[in-house]
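The following pair of complexes shares a single chain, subunit A, combined with subunit B in the former and subunit C in the latter.
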Partner chain A sequence: MKIVKEAIAGTLESSDVQVKVAPSEGTLEVVVKSEVEHQFGAQIRAVVNDTLGRLAVSEGIVLVEDKGALDCTLRARVQTAVLRGGAVKDLDWSVL
Partner chain B sequence: MNDEFEFYAIDPAREPSERAEIKAFLAKSGLTYEDGIEIFVLGRQGRRLIACGGLEQNIVKCVATDPLFRGESLSLTIVNEVINLAYERGHSHLFLYTRPNNIAFFAGCGFYSIVEVPGMVTLMENTPIGIRRYCDGLKKLRQPGARIGAAVINANPFTRGHRYLIEQAVAASDWLHLFVVAEDASFFPYRDRFQLIKAGVEGIERLTLHPGSEYMVSRATFSSYFFKEKNVVGDCFTAVDLLIFRDWIAPALGITHRFVGTEPFCRTTNKYNLDMKYWLQADLSAAPPVNVVEIERTAQDARAISASEVRRLLRSGDFDRIGKLVPPTTYELLWSKYRTAADGASADAAA
Partner chain C sequence: MTTSTKLRRSMLFLPGSNAAMLSTAFVFKPDSIMFDLEDAVSLREKDSARLLVFHALKLRNYRAMETVVRINPLSTPFGRQDLEAVVRAGVDVVRLPKTDAPEDVHVLEREVERIELECGREVGSTKLMAAIESASGVVNAVAIATASPRLIGIALAGFDYVMDMQTERGDGTELFYARCAVLHAARFAKIDAFDVVFSDVNDDEGFLKEVELIKRLGFNGKSLINPRQIEQLHNAFAPTQEEVDYARRVVAAAELGERQGLGVVSLNGKMIDAPVIQHARVVLQRAQASGVRR
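After this line comes the complex of A and B, so read on.
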C-alpha cells in the first residue's frame, strides 16, 4: 500500500499509541518515541515494522508516539493510520 | 472518567456568548484570549466549561483546564482533540508557544522543543523529526570555506539597495546563503518577492538562494497571550527567531557570519539588529556564536535606498524615481502588475 496523504490514528492517553503517517519518496522512515523505550523499544519497532510489512508499505514516514500500548493496540493503530493515509484499491483483509 | 465529559468545537467568531465564557475561563488561568484563533475545542462537564484549546492556522493556542479537574487525562484529551481537529483542517505540522515550565506536559502530548528563551517562552512542534529533517536538507547544501555568510531578506520589493548589500556580503564571504522570509504579511506576496529576488541576484556567484520555511517565525501568529508585561512580546519573538537561526540553521550550513543592512528609516528593524548582536554573539547557547556584520546601505541622491521608500513612491505613482531605485526586473513587475490607472496616464505622457 502506498501512503499518499498524511493521516493520524490513536491518542496520547496512557496505554495507547498515536501513529502518524506521511508520504515520502523512496525511503521508509520509522521513528518511535516511547515511555518504555529502554524495556520495549526493540519490541515496539518489531511490531510496527511487521505490521507495515504486512500492509506492503515500503515508502513513507511513520511516527509512533507510544504511551505504553500493548502489541495488539500498536498493530491496530498502525493499520488504521496506514489505511487512512493510503490509496486503497484492492485490500486483502486476510493478511492483516 | 471521560464518559462524563463532552468535547466539541466552535468557531468563536460565530458564538459570542461562548467566546465570552472562554475569555473568562482563560483569565482564571492567567491567559489572555487571542482574537486570531479560528477554532476552539471545548470540554464540558454538564454545562460547566472545564477545558479549552484553540487553533490559529497551525499554531495551538490558549490551552487551559479547570484547576479542579487538572490531571493528566483531561488536559491530554483536550490537546488530542485539538490535534485531530487540526488534521481535519489540513494542518498536520503544528507549533505551539508555552512557558518553559509547561514543556514536560506538552512533551507528554507529543510535542518537541525547538528553542527555549530562558524563563520566557519555548517554541515546540508536534514531531521529533521536523526541524531535524529541515536541517538535514540544509546540510546537503553546505559549501566549503572559512567564512560562510548568511542573510535574511524580505525584499518588499527587491531594490538596487538589496543587490548592493548582497554583493557586499558575497564579497566578504567564501559563500553566502540567502534566505527569503516566507510570511505573506507584506504588501508584495511571497511569490512575487521571491521571483524578484531570484531575478535580482542573477549573475552573482558563490550564492545559494533558500526559499522560506516554517522555521522562520511568523510575527503574525506569535503567541503574545501569556506575557503579563506586553512590552516583552517583541523581544521574545526576536529571541525565538534568532535562536532558531543560531542553534539549528547556522550549524547545519556552517554559517560563521550574518549580514544585515543598517536601517536608518525603521526603528523596529534597528532594534532587531541590536537584538541580533545579542542573541547571535553572546555566550548564551551551546551553539557557536555567529558574527553579525552590519553593512551600510547604498545611497541614491544621498538617501539610503529602501523598500519602504519604493512602496511610498508606488503609492504616489512616481515611476521615474522608482526606476532609479530598483533593477529593471523589479521595475517590470511594478509597472505591469502594480501601477494604478492614474500612473498609466502620467507615464504615457512621459514616454
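After this line comes the complex of A and C, so read on.
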C-alpha cells in the first residue's frame, strides 16, 4: 500500500500511542519513541514492522510515539494511520 | 428457543475509541463487556475505534468473558464496516442500536451470515442483541424479540426513547410502559431483557433504587457506564442467605424426587414444581457468582 498523504492516529494519553505517517519515495523509515524504550523497544519495532508488512507498506515515513500501549493498540494505531494516509479502495480485513 | 442460563446482570459500556480503558477494563469482571462504536465515538474516530475494538476482541483477557459490540446502525456509512470488523474478530454478540422493527434484525442477520461464511466462522455463532430506543421499537417489541434465533436479548435504551416520547428522564414513570413491554417481549421470546443505563454515577442511592425496581420487574440486568456500578449491581442481585438456604433445600428435594421417580415433590408440605426448581437454580447461580447479599 502506498502512503499518499500525511496522516495521524492515536493520542499521547497513557496506554495509547500516536502514529504519524507521511509519503516518501523509495525508502521506509520507522522512528520509534517510547517511555518504555529500554524494556520494550525491540518488541515495539517488531510489531510496527509486522503491521506495516501485512499492509504491504514499503515506502514512507512512520513516526511512533508510544505511551505504554499494548501490542493490540499499537497495531490498531499503525493500521489506522496507514489507512488514513494510504490510497485504499477495498479494505482486506484478513490482513489486519 | 430456550431460556438462557448465562448470567447477564451487568453489561459494561466502554467507549471503543479509548485505548486506556480497552487495555484494562477486563479487570472489572462484568458479566458482559460492551465496546461501543456508536454514540460514544465521534464521527472522526469511527475508523480508529473500529480497529481498536477489532484487536481488543482478540485479547486473551476478553476471550474469557462475553464480549458485545454496539455497532453503528446499518443505515449509516459505518455500520457495515463495524460488522465486518467485529464478526471477523470473533465477537460473541453484536448489539444493534435503534431497532424499530423486525426487518432491522433480519437485515443484520443476513449481513452477519454473509461475513461468517466469508471469513470461515461457524454460521450462527455470532449472537445478536437488539436495542429498543423508540416508540416504534416498543410497539414492535414482540416481533423484534422473536425475529431471529441468534437473539440473546433485547435492551431498552432510555435516552433516545424518552426523546422520541417527547419527555425526559425522571423518576422512572416515563419508562414504565416501555420497561414492561420490553420485558414481556423478552420473556415471550425466552431471551434476556436489559434495562437502561443510570447516568448519574455519583447517585448511589438513586442507582440502587432503580436496580431494585428493575430486578423486581424481572429484568436480567442493566447496562452500566461506570465500573463502580458493577459490584453494587451484583450485590443487589445477590440472594440473601435465607434465599440460598431455601434454594438448596428445594434443589435437594427435587433431586431426591427425581431419583425416586416422583413427578412432583413437596418441601415442608408445599408442592415444588418445575418453575420453583428453576428459580432455585437461578438463586444458587447468582450466589455462586457473587456470594450472598451484604
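Here is the rule we go by: the second predicted complex is superposed on the first by the 95 of 96 C-alpha atoms of A that agree within 3 Å, B and C clash if a C-alpha of one lies under 4 Å from a C-alpha of the other, contacts with A are read in each partner's own complex, and residues count from 1 in each chain.
Note that contacts are C-beta pairs under 8 Å (C-beta built on N, C-alpha and C of every residue); 3 or more make two chains touch, one makes a residue touch a chain.
Everything numeric in this text was worked out from a predicted model, so none of it was measured.
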Is A:A69 touching the first partner subunit B, the second partner subunit C, both, or neither of them?
second
Quick check for you: in the superposed arrangement, does A:E13 touch first (subunit B), second (subunit C), both or neither?
both
Applying the touch criterion given at the start, work out whether A:L83 contacts subunit B, subunit C, both or neither, answering first, second, both or neither.
second
On the A-aligned overlay, A:N49 touches which partner chain: subunit B = first, subunit C = second, or both, or neither?
neither
Mind telling me which of the two, subunit B or subunit C, contacts the most residues of subunit A?
C
First (subunit B), second (subunit C), both or neither: which does A:W93 touch?
second
Which subunit A residues contact subunit B in one complex and subunit C in the other?
11, 13-14
Note: in the complex, subunit C contacts subunit A through residues 19-20, 22-24, 47-48, 51-52, 54-56, 58-59, 81, 84-85, 88, 119
Residue ranges of subunit A in contact with subunit B within the complex
6-8, 11-14, 18, 20, 22, 29, 31, 33, 61, 63, 65
Quick one: in the complex, what on subunit B touches subunit A?
72-73, 76-77, 79-80, 83-84, 87, 92, 108-110, 127-129
Within their complex, subunit A touches subunit C through residues 9-11, 13-17, 69-70, 72-73, 75-77, 79-80, 83-84, 91, 93-94, 96
